[in-house]
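Naming follows writing order (A, B and C), and every chain is counted from residue 1.
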Amino acid sequence: MSAGLSPSRPWRRRLDGMLSGISGAVVVLAFLFLLVPLGITGLMAFDSRSYLGPLPPPSFSLQWFERFLSDPYLMQGLRTSLMVSTTAVLIAAAAGVATALFLNRVSPRWSELLTAFFVSPLIVPPVVIGFALLLFLSQVGIVEGFVRLVCGHLILTIPYTIRATLASLAGVDRTLLEAASSLGANERRVFWEITFPLARTGIVAGAIFAFAISMDDVAVSMFLTDATSYTLPVALVSNMRANFDLTIAAASMLLVLFTILLIVVLDRLVGVDRVMGQGLHPA
Amino acid sequence: MLEVRNVTKHFGATVAADAVSFTVAQGEIVSLLGPSGCGKTTTLRLIAGFERPDSGEIRIGGRDVTGTRPYERNVGLLFQHYALFPHMTVRDNVAYGLRHRGWPKAEIPDRVSAMLGLVKLQGLDARLPAKLSGGQQQRVALARALATEPAVVLLDEPLSALDAKLRHELRVEIKEILRSVGSTTIIVTHDQEEAMGMAARIIVMEKGRIRQVGSPDDIYWRPGNRFVAGFVGRSNWFVGRAAGAGGGSPTLSTLTTEDGFELRVAAPNGRAGAIYDVGIRPERLEIVSPGAAPAADETLIVGTVLDVSPLGAERHIVLRLPAGGQLTVIQPNRAAAAPGTGETVTVRARAADWMVLPREGESSGV
Amino acid sequence: MMKPSRSGMLALPGAALYAALFLLPMVALGIESLRLFTPGRVGAAPDAPFTLLNYAELLEPGFRRFFFTTLRVSFVTTVVGLAIAFPLAYRIVRSFSSRWRAIAIGGLVTFIFLSAVVKTYAVELSLGSVGPVAPLLRAVGLSANNSTYIEFVVGAGLLQFIIPIAALTLIGSIQNLDPRLVEAAQSLGAPTWKSHLSTTLPLSVQGLLAAFLLSFTFAISAFVVPMILGKGRVQFLSNMIYNRFSEVANYPSGAAISLVTLVVCFATIYLVTRLVTARAQARGEG
């Protein structure tokens, strides 16, 4: 039975074993690398000491969470963040849907070109966008922090809402639209009764994705804040630079919770989506 | 009644429909048959209004609809993949056309129930399409398409997404329903069984052109050209040269194949020396006892059995001919007399059974 | 499908927003980068003369250092990230049970969504001067303020982003790989390592290039990571731009650096996509 096969040399087998051993080790180390810092942060967030001491904390308390939630500077940032992101995403979603519908209607050659233009802010470093906006808004006399932040977050999020809408529209089977129009529905009715309901989940998921991007931004917001209007990430970053304490660890844990919640919601949406036979590709 | 007059449609440099003309009478079921890319789907889309012809005219019920939008035509459509609205219940799917075609609101529920009764899906009206089998979905689609009493019903490969057994069952049922409703119907398909099983008249298309129009029997037994003969069913083909008129009978002539083989065929009205494609359906060949003498209108062919495949209802026998070609014979699969491999057998072909077609581009030109 | 005027209405909000918040600001950025800056002012005077000084300044060694630090740290980190992400992605696709695969992919997606502030803070807390690693450093005579170590910490910070981005990109392309190819190579007598080298790797080059592009462009435009973890010792182009704004209000210089950063990003994208299409064509013809 060994006649047709070349005899496998022991060093070859050893090399194969090493390969799978190494890749296994890489997998374990990669997960450790990603998760241990978070774990340490989680542990420290519950530290009962009032100063930043070495690991492990001798006992646990919720003091850092209380401090975070009662810190007027950070809470003001959180309020601003929620308001800025909500405002920006609502506008971005509406404008994004309209733009995507437009792109869906023009000839394929134009559509391709214009789509490339409309998603191009994604390849511009956010710092450059922030700086350019700061320059321009100052020149035209828009100095109000909240308005400037909304402007920044708009251009940050519209590409995502356009892309999500385009993907959702493309996910709607063209024959459904033809079926509807053969049954007597005109373009407007086809859109509102068939296209939109079927694309809605994907559009909403895209908006949630955009909201997450907006809530996380530092690079654009840094340029557009003023003394009273600043976002939570900007506040956290300036705290981090000023005094390194564990309030941020507590805030981080709450943000982890927020992120997990977000993913669960998105998963639910995409799950609902699957019943309709369409997918979501936000990233 | 539907009239398609001289309709042409280009996509870029390719002609999808090239001066296509045909008429479908009130209540008639017609099939557009052809390989993919032959223009049958384009023709259907032109009739439905999803595409606009470059030239020509389409009339439905005497009205010119060439420039109108799909929703302005009273056309019912059945799609290959059903195209049921996934976010609407069965009831809402069937009611969709009724709502948009302005049926009185009060009558819609009764009409929906009647349509679901027609396709034998009573009681499923609250289901979502995803909860139905493929066959059930296509029935809902049929109910939806027929609910508004469309002037023309278009079926686009209606059964090809279903498995073989269900396909047969549903084909008979759809045909029955279409007949009972009396709808004017066009079935677009690449499947000859689907076309022949459902339509009274078949339009065979190739490369955007109509190649033949006729009943299923016409298409099968009297193909107008080599394309139709080759696309529909299987046959054994030879190339023959006319030996000259007569041969003893006014209705018969003799064609000589390249191998010097003489075939007695019904006279093709050609000049001497003209070249023909001559073919015969395998089930028209008959194995006879060796040494039998041929009648005047018969040709006897002798060959060696290469392979015998008992395929259920019938038996396919492949013979090798002395000159090197092959000949397929199909027999009903009765218990008696299956020849063994390697055996020499004699096969009889009747003159009337040969399909004799002038060689395209050779005989017709001069 | 619709009348042109109606379609035009749909384009209006997007066009207006992009003009006001993207195109005009970029034009303003370009103009500002060509204005002469007078120290003491906030930005250039509206009627300041045009000059190329802001760009000439960037050729000085002091600036070139930032430029090369950004490229060097980004490149090394991206390569390390891909070296980790590739086996990670391969194992997740091929050796994980479907349940664990879903969990791993879900985890990576969550990680991408996780706030940059959180990831950066976690790295600082773990590897910084107050973290559990600091005593070890002191034991081997290293300072946590050693600039090589700081570069390492910045790299670690970037990897928190790059590993999940690259792994998810690669998981996508490896899932499309036919495992039968490796098995076929093995059945022809190739050992596992060799069959991977001859089948898996060449076929995933497309995925690797995509992962490289995403990771590298992320790294060169990174802002928070070098700002926090770099402690002023390791700074990227993004941080330079911000410093020109916040510290000296030299907008023209910040604008010039912005445009240089932009050009670096576009050049990278151009080169990598050229590579990808060249490969695709070569494969199409072969």
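The definition used in the following text is that a contact is a pair of C-beta atoms (placed from the backbone, for glycine too) under 8 Å apart; a residue touches a chain by one contact, two chains touch by 3 or more.
Bear in mind that the values here come from a model prediction, so they are computed numbers and not experimental data.
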item	value
Number of hops, subunit B to subunit C, where each hop joins two touching chains	2
Which of A-C and A-B has more C-beta contact pairs	A-C
Farthest chain (mean CA position) relative to subunit B	C
Approximate Å spacing (C-alpha centroids) for the pair subunit B, subunit C	59
Subunit A-subunit B separation of Cα centroids, rounded to whole Å	54
Chain centre separation (subunit A, subunit C; CA means) in Å	16
Complex contact set, residues of subunit B against subunit A	48-50, 69-71, 73, 75-77, 79, 81, 83-87, 96-97, 100-102, 130, 144, 148
Residue ranges of subunit A in contact with subunit C within the complex	5-6, 8, 12-13, 15-16, 19-20, 22-24, 26-27, 29-30, 33-34, 36-38, 40-41, 44, 52, 54-55, 94-96, 98-99, 101-102, 105-106, 117-118, 120-121, 123-129, 131-139, 151-152, 154-155, 158, 162, 187, 212, 215-216, 218-219, 222-223, 233, 236-237, 240-241, 244, 248-249, 252, 255-256, 259-260, 262-263, 267, 283
Contacting residues of subunit A [partner subunit B, same complex]	173, 175-176, 178-186, 189, 194, 197-198, 275-277
Residues of subunit C that touch subunit A when the two form their complex	1-2, 7-8, 10-15, 17-18, 20-22, 24-26, 28-29, 32, 43, 46, 84-85, 87-88, 90-92, 106, 109-128, 130-132, 135, 156, 159-160, 163-164, 167-168, 189, 191-193, 196, 217, 220-221, 223-224, 227-228, 238, 241-242, 245, 251, 254-255, 258, 261-262, 265-266, 269
